[in-house]
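Read from first to last, the chains carry the letters A, B, C and D; within each, the first residue is number 1.
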Amino acid sequence: MTGRKQDRPWRTPMIVLVLLLAAQFVLPAYHHGNLTRIMVFAVFAIGYNLAFGYAGLLSLGHAMFFAAGLYGAGMSAHFLGFSMPLAFLFGGLCGLVLALAVGLVALRTRGVSFMIVTLMFSQAIFLTILYFNEFTRGDEGFVLAQEIRQLRFGETVLSLTDPTLRYNLALGLFAASYLLGVALLRSPIGRVLVALRENESRVQMLGYNTFGYRLLALSISGALSGLSGAAYALLFAYVGATFAATQYSIYPLLWVLLGGVGTALGPLIGTGLMFYLVDFASEITSSYLIVVGVVLVLLVIVFPKGVIGTLQEKWRGLRS
Amino acid sequence: MTGKSDDHRKVRKVGDSAFGVSRRAAIKGAGALAGVAAAASLTGFTARAHSGSDAPIRIGFQVHRTGIGAAYGRWYERTSRAAVDYINETGGIGGHPIELVIEDDGTDPKRGAEVVEKFATQHKVDFVFGTLFSHVVIGSAPRAGELKMPYFVVSEGHHVASGKLNRYVFQPGITDVRQQVISMAPWITSNLGKKIAMIFPDFAFGHDHRDFFSAAAGSLGGEITTLLPIPPTESSFTKYFAKIPSSTEVIYHVMVGPAVLTFVKEMGEFFGNNRPELFGFIDSLEAVDIASPGLDYLEGSYFWEAMPRYADGLPTAAAAFYRDKVGVDANGASMSDSKDVATFSHMFGCWETLYVIKAAVEQSGYRSGKDKVALIETLENMKWFNEGIAHPQGGKQFVGQIHQSFGRQFISKVENKRLKVVHTTTIEDGLYEPEADYTKQAL
Amino acid sequence: MSLLQTHLLQTRGLSRHFGGVQAVREVDFELPAGEIRAVIGPNGAGKTTLVSMISGRIRPSAGRIRFKGADITGLRNWQRARRGIVYTFQITSVFQNLSCHDNVALALQRKRMTGLSGRVHLDADALRGEAEMALDRVGLAARLDERAANLPYGHQRLLELAMGLALAPELLIMDEPTQGLSESEILAFCDLTRRIARETTVLLIEHNMAVVMALAGRITVMNEGAILAEGTPAEIAANIDVQHAYLGT
Amino acid sequence: MSFGAQLFLAVLEGTVSASVLAVTALGLSLVFGVMRVVNVAHGEFFMLGAVIAWSVAFTVGDMPLVSFLIALIVGPLVVGGIAVAVDWLILKRIDYNPEGTIVATIGLLYIIQQATLILYGPEARAVEPPFYFLIQFPWFGYSGYKLIVVGISLMLLLGTWYGLTRTRLGLYMRATQYDREIAQAFGIPVRRVYAAVFALGGGLAAIAGVLVVPIQQAHYLMGHNPLLMSFIVVIVGGLGSLRGTLLAAFVIGISDGVISVFFTPTLAKIVATLLVSLVLVVRPAGLFGEKEP
């Protein structure tokens, strides 16, 4: 956040959002659907970036927050008959509460220990989902009936099976999270978080309760991850333990690192990049994971700070 | 045919060869693949619809090429290719050739749903089929329903029959867990013993076994001495066997995943010679050589089989013909590599499902996507699939309300490191009251 | 009026040991408001440990600390900072990747961050104005938008100081502030400190005796974790024990 | 079966898995400690060891002991070679940047897994143990090979410990771990030390893989658990502390077994998992870790 960068902070976000809004009219159905998914998962990545990229909290357990939202929304709609908007918010709340609870304990640790503690908690949540399989159906998961997945405004009923509605709901959620990310980074809180990442004890000597700020960062992060999970459950009608497994804690880390740690746009870029990497590679060859692997390695070598991060650096280099 | 779809075919060929029998050749080609990437990314934005009267029936094959299901996926793919080739040799479906469009779902429910979407909106296929693992089926089913895409799974899960999926999902080519389990119960309780300990994976597949078998055995005077659900993250099992009370007469085990061999071996080491009777589901040993080191003590134990792995277990012409077409030898291994053991009790489902699709298309006069409703209604009204080349595993009764087939099951004993069929159930043994009625759902 | 209130800061029996080593033992230390106090002593005398306990970076093994009459022994470092005890580091630890503006803004904004609104949004221009003023006090106003990492070392120390001042401290603790500064920079630093001392009590650890003699009203000499002597620069200069402690004769 | 016997069995099982885990974790601990690099592909090195053991057994034919010994040498050599290549081709280029290494080694993980899937296949394949004998306890039978695994592991651990404390390379490694710049200043070839450490780490994982194949089976996805477990063990033990790593391996391995006696399997896993994380909450630097910077 240099002074010069404060010129037109909202320009890039607006361009990006307008492009996304326009994209739905030109994209073929398949990519239309893909972008919907990418935006939903980008929210997960944004959430992760808030903790990792802003406050320097490297968690290996974010799958538990995504799962909290997924199950919070899915089960409240499935068993308690929550309406779709209510279930969605409830999912976010679950992510938030879990993040608070986990944070109170896990944030006593730092660095690698924090990685492990979050990893273990997440594992425990995963096993717990299996343990209560009577309700969760464990790994197999369950489907949300179409009657549940509707928006009612008095007489008019909108079904979430409609791709256009789905796209724009995803876009709305993404836009909100994206702008929140940008705003937070420029807010006083954001300034503290960034400083926190660099030198925590110095921030304390300025009179800030750093534990509180780390907890705050983790909570917002958990809430966004939860909302992303809730959106997935309601938009794509499936709730399953796979999403609580370790690889879904690694994905957001991977997406953020690919896109650019601590950048506002990085999460979307990283998520999209990874999605299409797999999609295209798997069309060329059945051994597509080799292609994916090689590309990941090359990306790291070419874009050491992630795509957006490295480009930004190059750009600054050009200007000064 | 347009140039685009032309080079797209080339593109797919590369992918296919990489999974053919000569896998080493494939990796050499891997270098060339990079170049093809460009081509693919170009075609990436062009739908693959064909048109015209000679148009092939395009069937999307959702296969587990990677991930935990890969061992099954490879044989599902071989079986499906064999079936498609033979159907096309013999006049295709009502004169139209089948074109198989293959996508890997990585045995992941998220990717599974995306793949179904891709089949519908990008490849513009007529049907999707072939999914095995339950979580992928359940993750993909909603999208199939929303896209009104007939979705034929080969999963043996109870999900379709339970009625919790939707009207577009069918399982006509393979029997479901519930009927398998209840048709086993009488033979077990009357031949092996009534005091039974159950060991099963602690997830849905295992719980279906737990619930349905406990109920069935109970009604036959059996007693479940202990239930041991094993967490999927576990890689060593000996410590759990200690929990089995010594009064136990039969251990009923059904494990899946790469650790099953360990499980079976450790069970042997633990109980030694004075072991209770063992009854297992062959899922534990699919794609595994019975003669593998450490399995010796399985000698004299019993397994459920959906289709006998060893040719002499089901000496019908149809079964032999099927075995030969798929390229499986008399011992249930690949003809080209005796170490490459088939998933014989599951993969026949692909072959039979493709024939069910053929039948449904021909009887309903299906021509294009707009005839899907007719196709589904026709299929729901089918009652019986006759044993023969189309159904080498055996005749099947199809229950339209729950979109599920019912068939016979086999019980085999391990003798001289081979599986020898000792009992064959009837379709009636596995029948149960339909739990739902899909035909009442809107299309 | 009791003795306590005349003292801004007071410690009683303050001790700290690391494992077997007794870094600070039984220190009773008083600091009246408005004074410039220098703490000197040979390396390992326990100076830094003492001020670290006062600023709350280290917990004492025993003893109490009172600030403005209140016992603050149990308070965390950030709570003490809020009460007006500000510590500037021995090794500069400004935020290298932030601009001078953001470095100072971090110090300035805390008091304004009240209520939700204050936490999510502050008047950027007002903040910028204040930051400019704070930097101006140390003569860095021109570097407002410069990345801290790009500043020469001496200026980084000044930025560090500016951050301290921006907190409007009642007690400013400076740990070896002139370390690594050039002669001219040291002179500038001295009058700056004098100006600061008009509204703030200053406690500084310093090796450069010239600086100490020039600035300090009183000097506290520490040796082997205990207070050896205390007095005006003149008294200390004349003190035999101090010479022993330093020269070991 | 009597409670005592159950407990005895649990401890026995715990010790076996602990000793294999210790060897794997030791490799990760070295890489992590000296290079400050999180090698996400460490589990794949373990898997490669297992797969190589199977391939050797397959080519050698029906001579379990011979093929076992060959695998014990070939496995670590091949994997070590791969590790060196990776260090030179990738890690060096990104200057061991911690974040970059995570992505790079995730990529490596994909590559190794898929290559194995293509060349070796998706099946789980068993290998004859070098010597098989059943120890018949009054309550249950137990594979003698498992106890031999414990023996070999302990020898390996001692060997490594000796290497680290008594040899020049060990000295270099400790110096580099202590401070890279200073080590360089003292003329220690840090680059080569890094390559050596990465190879050694991979080699240890590979050996663990070779040891485990006759107990478990070679499968192209078998690397996942060892990676997580050894990662956990290294941190719980305390970064850079070898004895911490070893202690943690045995504490975690054995407690996992013992806890399983008291709860239903899945619940036991949940409890064990939470206990481990609590260790770190109470001692954030791990059992033997110096206070974190």
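Brief remarks follow.
Throughout what follows, a contact is a pair of C-beta atoms (placed from the backbone, for glycine too) under 8 Å apart; a residue touches a chain by one contact, two chains touch by 3 or more.
Fair warning: this is a prediction, and the values are worked out from it, not measured in the lab.
Taken together, chain C and chain D share the touching chains A.
Here the spacing of chain A and chain D, counted between their Cα centres, is 32 Å. Chain centres here are Cα averages; for chain B and chain C they lie 74 Å apart. Per-chain CA centroids place chain A at a distance of 35 Å from chain B. Measuring from the averaged C-alpha position of chain A to that of chain C gives a distance of 43 Å. In chain B, the residues that touch at least two other chains are 18, 26-27, 66, 202, 231, 233. The multi-chain contact residues of chain D, meaning those touching 2 or more other chains, are 114-115, 117-118, 266, 269. For chain A, the set of residues touching two or more other chains reads 123, 127, 130-131, 287-290.
The touch graph of the protein chains shown belongs to none of the named shapes.
Only residues 28-34, 37, 123, 127, 130-131, 133, 137-144, 146, 161, 236-238, 240-243, 278-291 of chain A touch chain B when the two sit together in their complex. The touching residues of chain C, counted against chain A in their complex, run 55, 57, 76-79, 81-82, 86-87, 89, 93-99, 101-102, 105-107, 109-110, 112-113, 118-122, 124, 144-145, 147, 163, 167. In the complex of the two chains, the chain D residues touching chain B come out as 1, 5-6, 9-10, 13, 16-17, 58, 114-115, 117-119, 121-129, 134, 136, 139-143, 214-217, 219-222, 225, 257, 260-261, 264-266, 269. Across the complex, chain A meets chain D through its residues 105-106, 108-113, 115-117, 119-121, 123-124, 127-128, 130-131, 246, 250, 253-254, 257-258, 261, 287-290, 292-297, 299-301, 304. Put simply, chain A touches chain C in their complex at residues 1-4, 6, 183, 187-189, 191-192, 194-195, 198-199, 201-210.
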